[in-house]
Amino acid sequence: MNINSENIEKNRMNFWEKIYLPEIARGLGLTLKRMFRPKMTRQYPEERWEPLGSYRGRPVLVEEDGKERCVACGLCSRVCPALAIEVQAAETTDDKERFPAKFEINMLRCIYCGYCEEVCPEEAIVMSKDYELVFASQESAIMDKEQLLVPVAQLQDRLEFLRRYK
Amino acid sequence: MPDRLRKLDMILGSYTNEKYKVLEKTLKRSNEEIIKDLIDSGLKGRGGAGFPTGLKWRLAAAAPGDEKYVICNADEGEPGTFKDREILDCVPRKVLSAMAICGKVIGAKKGYIYLRGEYKFLVPKLQAEIDLFHQVAKQFNLDFKIEIFLGSGAYVCGEETALIQSMEGKRGEPRNKPPFPTQAGFKNMPTVVNNVETLASALMVFKIGPEEFRKLGIQDSHGSKLFSVSGDTPKPGIYDLEFGLSLAEFVEEFGDGDTKAVQVGGASGFCVPRKKFAETTIGYQGGLVGDSLPTGGSMMLFNSSRSMYNVLKNYLDFFAEESCGQCTPCRIGCQQLKIGIDAVKRGIKPPEYLDQLLKLTDTMKITAKCGLGQSVANSFSSIVTNFIEEMIY
Amino acid sequence: MPHIYIDGKRIETQSGKTIIEAAYDNGLYVPHFCWHPELSVAGNCRMCLVEVGLPKRLPNGEFETDSNGNIVVSYMPKLQIACATQVADGMHVRINHDKVIKAQEAVMEFLLINHPLDCPICDEAGQCKLQEYAFNHSRGESRFEETKNHKDKRVPWGPNVLFDAERCISCSRCIRFAKEIAKQDVLSFVQRGDHVTIKVQDGAKFDNNYSMNVIDICPVGALTSPDFRFKSRVWDMSFNDSICMGCSRGCNIQIGVRNNEILRIEPKTNMYVNKYWMCDYGRLSYYKKINENRVVSPAVKKNGVQTEVSWDEAISTAASILRKYKPSEMMFVGSGRSSTENNYALARFAKNVAKSVNLDFYERTDQSFADDFLRTNDLNPNSAGCRNVGVSPASDKFSLKKLSENITNGSIKLVYIMDEDFDLEDKYIQALQKAEAIIIHSTNHSKLTEIADVVFASSYFAESEGTFVNTDNRVQYFEPALVTTENLHRMGMKMSRLDKFGAANDRWTQKELRNCRPAWKVLSLLASHFSVNFNYNKSEDVFNDIAHNVGSFNGMSYRLLKKHQGIIVGKSSNPDPVRHNYESHYMKPN
C-alpha cells in the first residue's frame, strides 16, 4: 500500500471547520436569501405543472371527426420493446378500409419510449402530456380504445413538436 | 428538280388491269430463285424496322411446320402514314400476288390481310379483288386462299406479334421474342408478317428484276419508297421517291419555305430540326439524327407557327393512350413523360427536370418489351434536345 | 451439358432452361415479379432484366482475349429478360452490374409511381415482393410527379378472392394461373396504358376449387382473402409446416397462428405432392373446427353426468372399464384423420394389451369431391397410414360396417373410439347408444362425447407432431402449430413474438390453452395400467417403433422425412431427391 500522506494532511480540517458554526451561519444565510426570492415549488395537486410539447407522457390515440385516425397497421405493436400494445384490425366501409376493433395498451408494460409514436405512419398515436397514472388493479392498467382516444385539438402541442423535429 | 426527287410511280403505277402476269411468271420459278432475287434486290421491310424481306421468307421457309401463314400487315396506325390505304385501294392485285408468291415460297396455303378497323370502307372492293384472285389462283393451280381480318383499332396491333395475338382472338399484346413469328407465329406455326408496301415492292422486284431494283437508292437502302407527306406543306399527298434523298432536298420540294422541323417516321420516328436537314438522308442505315433515318414513310413538316411542345404533347397523349399496359416501363413511362413535360411547361418543375425525363426515355428504350415503348424515346429525345426552349417557355 | 457464367461464376445447366431457372437451381437470385416456375412466361414486369453476352471469337475460331488473358465478352446493347432468354453454351450473364442495377431501380421506380403505398393497411405487407424489392433494388426516392391513378378497390372476383386494382402491378400471374392451372379462363386485362386493370369476364365468377392460390402468387397485395382480411399482420403470426387434412392428397401446408388460434392456412411447396398449390376447401373448411368447440380436458361419466377430471383419474377409470370385458367383446376404432403414430399405438394396444382383433377405421369417400388436379375422393388424410400399420379387422364379421348388428346382438359391448366422430352419421350414433361402454378420444364436443363413459381430450394434428400417409403412399411429417399444455415447452419458441413473450396479465395470451393429449400418449399410459410398457416418451419414439416393426417403414425417421419432404412407403432406401424449392413469397422470421 502506498498512501500519499500529504493529501491526507491537506484534507485535515482546521479549528473553525471543526466547530461547524461558520458553515451553519453561511447555510442559514443562504436560506434567508432564498426566502425573499420567487418560490420554485408548487402546491401539487392544486398547482399543476404543464409540460412542454416534447414531454413523453401516456401514449394516446388521436381522435379526429369522432373517429380514431388509426388504421390498425400494427407497427406500434411490432416496434414496442415492452410488448405493451395490442391491436386487432377490422374492416370498415370508410375510405381508410381498416380500423382497430381493439386497441389496448398495457400501462404496466409501457416504458414511455415513444417508439410507437415515431413509427406511426398516420400520426395516430402520440405521447400526451398526461403523467398522472395511478391504477388500483392490474386490469385497470390495461387501457382500451375508449380510454386512449383524445381529441386532436388537445394534442396540438405534441403534433406541432413532431412535425418540427421528427 | 434534283435527279433524286423524281416521282417514280413504281408502286402506285396503274396496275389494276394487269391480269396477274407477274404472278404467273414468278410462280414458274423455283423457291430458291425467288428468295435469291429478293435478297439480291436488298429489299427491306417497309413498315419501319427494315428487316430484310428475303431473309424473313427464307427463315419461314426453313422453319418446320405443318401449316404456315402469310399475313399482310395493313394495320396502318402510325400517325402521319396513309400509304397502305392507297396501295390497297389502287393496286390490291400487287399485294395479293406477292402474298401468293410468298405462300408458294414458304409453303403456306392461307393468307390473311390484317386490315385496320378504320379502313372498313375498303372491304367490299378488296373482297371483290380477293374473289377474283381466287379464280385466277385456280387457273394457275395455286392452292392459296386469302381472308380479310379486321382489326379493332389498337395501335400496338401493328406490332407483328401483337397482331398475331389479336388474330388468335386474344388481347392484342406483344409476345416475347424469340421465338419470332417466322418460327412460331399465328397458331404457333411459322408465319411471315409483311407490310402492305413491302409486298407491293416485292412484286416490283419480281417484275423489273433485282438488278434494276437495286440500282435505285443508296448503299443499304434500295428501291423506292412511298412517302406520306403531311403537315405544313402546299402539296400534301403520297409520293413515290427514291431512297437516299437528303432532307434538305425533300424540304425544298415539299416545304412551304418556313419549315423548322420534319418528323420522319411518324410519332415513333425522329424529329429533325432545320439545322440538320442537310446532313440527314432517308434510308435504313444508322438511325440517329445526322445519319440516314429508317422510316415507315411518314413525313410531317412543321413550320415556325407550330409549337413543338404541342406536337410532343400530342404524341405522348397518343402513346399513353395506345400503350397496351402490359410491360411496366411503357405503361408508366408514357404517362410520366406526359405529366413531366406538362409540369416543366407550367413551371412546377425546373427545366433540369427534362434531363430526368430524357434518362427515363433511355431506360424505356432498354427495358420496354416491344417497339412501342422503345420508340417513344425517339421522338421525345429528338424533340426535347432540339427544341428545348419551346419545352420550357 | 452447356455451362454459363453468371457474374463470372461457372454454372452447369441443361439446354432449354432459361437464365432465371439456371440461376435459381444454383441458388442465385434474379429479382422478378411475373415469372413463376409453374406458369408460362409473360415477360412483362421487366424486373429480371440482365445483361447477356457471348464471348467474342477471332476469325480463326478462338476466343478473343484481352491483355490480361481474360476472354472478351461482347454484351448485347439491350438488356434481356432472364425469364424468357434461354441459356446457350458459354453465355455470360451479369446480374450485379451497374447497368442491370440501374434498370432494376428504374423498373421499381415505375412500379411505385402508381402503387398506392398503403402498406399499413395491406395484408401482404411483410411478405410482399414489391416491399422487399423497394428495399433491395430501389433508389429509395422517386424523381417523378406522383399523382396516383385511381382504380377500383375491393372488387370481389369470386367468393374467396377480393381484388384491389390500385395495388395491382399487372404481372398477369393470376390471369395465367386461371388459364393454365385452374383451367377457368375468366380473367383478362382490360383497358390500355396506365388504366390497365384485370377483370373477370362479364357474368362469370372466379370461383374454381383453386381460386385462392392467386392470393399466394400475387406478388403484391392486390388479391386478398375475405376470410383472412385484416385478421392479423403476418409478422404477428407463427407459421409451422404441416399437412392438410382435407383429403388424402396430403398437400403440404403452413399453418398461420396468432394467439393460439389458426388464422390462415397456405400451401407449402412440395414438388412431389402439391407443387405450389392447394384447394380452397383445404384452406377454409376445417381450421374453424380446430379453433372452436373443443374438448379441453378429460372427462368421466359419474352417475350419468359427465365431469371433468384429471388425466390420471380418466385413465384409471378407462382401465377399470376395459378390465370388465372380454377381448372379443371389445371393438377398437382407429381414425383416418389421426396420425399414423396414434393408429399404430391403438393397434398395438388392441393386439398386445387388450388382446382383441376387432380393429377397424371409418372410411370417408366422396366421389363428388375429387377432381383431376389435387383433390381425391378419399376424405381421410391418413387412410393409407391406417392400413399400413394394421388398423383393419381380422375378419369381416367384426368390421366397422357390422358394428350396429354386433352391438345389437351383444357380441360387442365396449367400443373404444380414437379421434373419430363418424361424421355424426345417425346409423353409428344410434348403434353406439346401445353399447354398454364407450371410451373415446375426441377433439370436439359432439353427440358422441355426450354418450361416452370416458372422454379423453385429444390433440388435433395441428397440436401434435406425427405423420400422414397420403394417397400415393407417401409418408409425410407434420409439426405442431398450436400450443397445448402438453407441448408447451416444445412449442414455446416456435410461436410468434407476442405469443412467445406474453405474460399472464396480457390479454392477448388468454386464448384457450387446451389440456389435450395425442392418443398415443394416453394409450401408452393406459397400457402401463396393464403392466405393459410401451416406452413412448415422444412422438418420435412411436415412429421409430413403427419403422422398426412395420416392414415398409424400415429405415424411415423424422429427420429423413423432413429432409426429403416425405418418403414413399417401402422406398426409404431410395427416396426422392431433395429439391431446391421456389417460394413465391418469403416470410421473415418473427
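When the chains are written out, they are named A, B and C in that same order, and each has its own residue count from 1.
The definition used in the following text is that contacts are C-beta pairs under 8 Å (C-beta built on N, C-alpha and C of every residue); 3 or more make two chains touch, one makes a residue touch a chain.
Keep in mind the model is a prediction, meaning the values are calculated, not measured.
Chain centres here are means of the Cα atoms, and by that rule the chain farthest away from chain B is A.
Of all chain pairs, the one joined by the greatest number of contacting C-beta pairs is B-C. Averaged C-alpha coordinates put the centre of chain B at 54 Å from the centre of chain C. Chain B has its Cα centroid 73 Å from the Cα centroid of chain A.
The mean-CA centres of chain A and chain C are about 47 angstrom from one another, to the nearest whole unit.
Listed for chain B are no residues, as none touches two or more other chains. By the touch rule above, chain C contacts chain A in their complex via residues 119-121, 125, 153-154, 229-233, 235-236, 497-498, 501-502, 505-508. Of all residues in chain C, those touching chain B in their complex are 41-47, 49, 77-79, 81, 84, 102-103, 106-107, 110-111, 113-114, 143-145, 147, 149, 169-170, 172, 188-189, 191-196. Within the complex formed with chain C, the residues of chain B that make contact are 154, 171, 173, 176, 320-329, 331-336, 339-340, 343, 348-349, 356, 360, 363, 366-369.
Chain A makes touch with chain C in their complex at residues 71-75, 77-78, 83, 86, 89-91, 96-98, 104, 106, 108-109, 121-122, 138, 142.
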